[in-house]
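The structures considered in this document are given below.
In what follows, chain A forms one complex with chain B and a second complex with chain C.
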Partner chain A sequence: MLFLQLLANGLQVGAIYALTAAGFSLIFGSTKIFHFAHGATFAIAAYLFHFALAGLGLHWTFAVAVSATSAVVFGVLLDRFMYAPIQRHEGSFFTVFVASFGIGIVVQNLLGSVFGRGFMSVATPLSNSVEVMPGLYLSPLNGLAIVSAIICFVALHFFLTHTFVGKGLRALSENPELVRTFGLSPRRLSTYAFALGSLLVVPGAIFTAAGTGINPAVGHHVMLISLAATIVGGIGSLRGAACAGLLIGVAENLAMWKLGTQWSEAITFAILFFFIIFKPSGFFGRATVS
Partner chain B sequence: MTAYILNLLVLISVYAILSTTLNFIIGYAGIFSLAHAVFFGIGGYTAALVAMHVTPEFFVAVPVAMAAAAVTSLLLALPALRVRGEYFVAASLGLQVLAVTLFSEWKSFTGGIGGVIGIPAVELFGYPVYKPWQFLLMSLICLTIIIVIIRTLVHTSFGRSLKAIRDSESAALASGKNITVIKTLSVVLSSALAAVAGALYAFYMSFINVQSFMLDTSVLVMAMVIIGGTATVSGPLLGAALLMLLPSALTYLSFLPQTEIGSIQQIVYGMAMVLLMIFRPGGIVSSHPGGSK
Partner chain C sequence: MLRKTLSAIAFAIGLASAASVQADDIEIGAVFPLSGPNATYGDIFMSGAELAARHINEDGMLSGDLKILYEDSQALPQQGVVAMNKLVNVEGVPYVLSAFTGVSKAISTLAQRSQTVAVNGGGVGPDLAELGEYFWNVIPLANNEVGALAKYAVEDLGHKRFTLVYVDDPLGESILNELEKTLPPLGAELVESHSVAASAQQFSGVAARVRSDNPDVVYVASYGSQQLQIVKQLRDNGVKAQIASYSAFSVPELQVQDEAQGALFTTQSIEWDSEDPVTKRFVDDYKAEHDKNPTSYIANYYNAVRVFALLAQALEAQDKELTGANLLAQRKATDTFDLVGGEVSFQENGTLLAPIQVLEVDGSGSGKVVSVKASD
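The block that comes next holds the complex of A and B.
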């Protein structure tokens, strides 16, 4: 029964990781910006959801709207005022990474100063667990997280294959030069990528805030996981990032069956480390660029 | 007051060793490691164990610590040989996270979360070094030796090969450079020298635990290198001094809430990283201002 319980938790966590990783992968794949502050977006969305719901006492639909707006605004502002100036003078991968890392540190500490450093979570009627089978406790949140992840992925797939902007984003990841020749602006597409990628963290942020709880370092943890998922899945492949996110969530939880909780992050990174050494292109990656 | 300044100076020189050795692989080899604190930690724990169970002699404990770090650094060299850029950053992050778990779980080596307590004073040829100014002198000498070693290496053919690999790996390979050997050697050397800082730190504090060797430390050291300026000698030193003086300088600003000093310090250096990358990507001491390296 413990196994089933861990598997259920793993699927929920995995669904959240898959969405966040897909957001990172979308941004990284199309704009080639190593958006390490993606975790900061997650933390902001989670904290503002918590604040709107518990602090201001708003209805949950407004809280979700606040959270989504803040994530998108933060992502787009970073793109406009941080990444764009850096890219203007041919910023190398590392310049972008350092700036992004820096903003992550700033956000983490600001959130810590404003909201406190402890764990916080919002209690909702949906987080109450029910004993479904002897020893197996499920809450409506488990199912909701998985269902909303599936809805998001279907919507994302539709967007990328059936809309003009979506096709543009895919083109951008293939060949930025050709996109420019075609008369589209890579800069504008980049803004769309950031808006969409940042929006994808919102469900994860909300379910984490309502479920296991958040602390200012949550962004960091989430970022490490989505980075691992993006690489294990193959950079530029949304499908890969999603599968790898799910795999990592399940592996992390199943690890608790035999090992202590303190090993769960180590397990993720052991997986990542071996992938980097033996198959850097990941599950669905194209040939690796060195 | 003197004790306070001496303490600060010792810590600055320990961190200057870390930033100088990290700069060696970041600035000259183009290997962006986020796992430098791992070797700092291995150096510290090994030196502490040797001092407690064998001899507190400097010339025994430090070489053993360096050897331990050198051997483990092969774990970092492995991904560095396979991948570059974002993949390597991710691999080094992985190593750092794994190491923190190991440091806090492997109780016989590291004492777990509690750490190693009661490390004896270090001895130089049988004379114990415990007065702060003696210790400062010792760490300054270590720092100087390390700077000289790295400076000399950078100006030899080895250093030129490293820079060639950094700028274009395929071009270096085409001109007959043995990339595997050169990259591995640079990682091993940088990690072994970082272990010296670990040993000095362990002897100086006489207590170490995993808190000092977490990702935060790796990030702090990387910030020192980047804010100071990569691929320069004075950059990492300046970066180490600035970032170590920052918390003390902030405590003097009495209008700031004292409990938030840690956060404010991190916010300041996070912001500094962002602004520098936008306006001066080479760091404060930039070898080519406005350049994109």
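The block that comes next holds the complex of A and C.
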């Protein structure tokens, strides 16, 4: 029964990881910008959801809207006013990384100053588990996280394959020059990538605020997982990042079935090293020759 | 020309006034977590230290104003050493407040080498009592706290099976060792121990493992945001056993956390409604300033600063310099100190001896005392 319990927990955690990793992968794959502040987007979405719900007393639907809007606005502003100028001045990959890393630290400290540096969580009965069969406890949040992830991925797939912008984003990741030839603006598509990628962290941020609770440093872990999932899934592959996020979540939990609890986090890196050594192109990435 | 002359005069006046401020101030240092996930502790520690400095300056205990220079450790040993280096080698302070077991251990070598007194009021690892004569503790250590909690849980509540969830650092290790040592003589057992990384935030799997241990008591040995996350996720995931911990549970956020209600924790015994003048002034002024009850951490750092003032006052009366070596010699020559909580004395190893109380989290902000045990 412990195995089943850990598997159920792993699926919930993996669903959240899959969404955040897909967001990071979408941005990185399309724009080649190492958006380290993706974790900061997650933290902002979580904090503003908590603030709108508990601080302003808004209905949860409005709180979700506040959270989603803040995540999208933050992502787009970063793209427009930080990454775009750096790229205009032909800043290197490393310059972008350092700038993004710096923004992550600034956001962490700002959130601490505004909302306090302590722990916060959304008080909801949805996080309380009930015993559905002897030894197996599930909370409504378990199911909601998984269902939300499925809905988001179906919607994302539809958007990328059936809309003009979606096709443009896919083209941007393949060949930015060709995109220009067809009269599309890579800059505008980049903005769409940031908006969409940032939006994908919102469900995870909300479920984290309600389930595990948040603190200003919550984005670091998210970023770590997103990065690992992007490499394991194959750089540029949304499907790969999603599968890898799910795999990492499930593996983190199942590791506790036979191993000590301290192995839970280490297993992420074990998976990462395994892929780097034996399958550097990841799940669905294409092998490249340099 | 006139502008240049005026600028030069203003600069000279500025320098002179800065020099006079420096000459009057008596400075001590503090290495606290001011950013990162444990920054909430830094705010708590500062509130106690600042209140003590205010009282000392209001009373004119010292020849100049006492000022505390804060440096950020982020609760990390490496950052703590950088901060300590600055305080000792750049600022030249003789006395530094320290917090967290890992940080305290890391800075103790520098304290010993530079003959700077380092005083811990937050870390509880038992080996903090063995870091040299320049390292003092104004907080009872985990060996006292774990022993008192175990006795209460076993003898008064009849619990026998303990499970430990502990952070994988020197503090967590020391509590694991204490539980392994303390429980068998009481007729109880540590059925399982689960270590978690200091950065971990997901504990639903740990909760599943804890449930399968079927314990009477889950002892949580962590701190900061992580301990609140552990408690929440244990309860959310169906763990109904008694939750217990050490003085880290005396932070305000945990005291009002729904999932933590009923949890047991230990601190040194302080009678908050005591008529003792030092305690009464501390409690009244803290409540007036913050509109809530103080906790033991706040009292510890108030006491740490007050110990400095009492020693410095005695040294100034003897026309002696305020150096770490003189502060140490004066502490050894002083039998008792009037601190918050009453008259206390230091043990030979530089650690305060105080009785331990077991409290229950009841939403009041400081917990309800359920038992007081003498320190072993």
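What we mean here is this: the second predicted complex is superposed on the first by the 282 of 290 C-alpha atoms of A that agree within 3 Å, B and C clash if a C-alpha of one lies under 4 Å from a C-alpha of the other, contacts with A are read in each partner's own complex, and residues count from 1 in each chain.
Everything that follows uses one rule, which is that a contact is a pair of C-beta atoms (placed from the backbone, for glycine too) under 8 Å apart; a residue touches a chain by one contact, two chains touch by 3 or more.
None of the values given here were measured: they were computed from a predicted structure.
Participant: So, on chain A, is it clash or fit between chain B and chain C?
Facilitator: Here the two partners, once superposed via chain A, clash with each other.
Participant: Name the contact category of A:G112: first (chain B only), second (chain C only), both, or neither.
Facilitator: In the superposition, A:G112 contacts both chain B and chain C.
Participant: Is A:L200 contacted by the first partner chain B, the second partner chain C, both or neither?
Facilitator: neither
Participant: Just chain B (first), just chain C (second), both, or neither: which does A:I44 touch?
Facilitator: In the superposition, A:I44 contacts neither chain B nor chain C.
Participant: Who does A:L53 touch here: chain B (first), chain C (second), both, or neither?
Facilitator: After superposition on chain A, A:L53 lies in contact with neither partner.
Participant: Which partner does A:E265 contact after superposing on A: first (chain B), second (chain C), both, neither?
Facilitator: both
Participant: Looking at the overlay, does A:S129 come into contact with chain B only (first), chain C only (second), both, or neither?
Facilitator: Second partner only.
Participant: Contact-wise, after the overlay, does A:E252 reach chain B, chain C, both or neither (first, second, both, neither)?
Facilitator: second
Participant: For A:L172, using the defined touch cut-off, is the partner it touches chain B, chain C, both, or neither? Pick first, second, both or neither.
Facilitator: It touches nothing on chain B or chain C.
Participant: Could you tell me which stretches of chain A are touched by chain B in one complex and by chain C in the other?
Facilitator: Shared contact residues on chain A (touching chain B in one complex, chain C in the other): 108-109, 112, 262, 265-266.
Participant: What does chain B use to touch chain A in their complex?
Facilitator: Spelled out, the residues of chain B in touch with chain A are 32, 78-79, 82-91, 93-95, 97-98, 101-102, 104-105, 169, 219, 222-223, 226, 260, 263-264, 266-267, 269-274, 277-278, 281, 290, 292-293.
Participant: Would you pull the chain C residues touching chain A in the complex into a rising list?
Facilitator: Contacts found on chain C: 35-37, 39-40, 43, 165, 168, 194-197, 199-206, 208-209, 211-212, 224-225, 228-229, 232-233, 236-238, 251, 253, 257-258.
Participant: Going by the contact rule at the top, pick out the chain A residues touching chain B in the complex.
Facilitator: Those residues of chain A that touch chain B are 34, 82, 85-86, 89-99, 101-106, 108-110, 112-113, 224, 227-228, 231, 235, 262-263, 265-266, 268-270, 272-273, 276-277, 280, 288, 290.
Participant: Okay, in this complex, where on chain A does chain C touch?
Facilitator: For chain A paired with chain C, touching residues are 1-2, 5-6, 9-10, 12-13, 108-109, 112, 116-119, 121, 123, 127-131, 135, 137, 139, 211-213, 215-218, 220-221, 252-253, 256, 260-262, 264-266.
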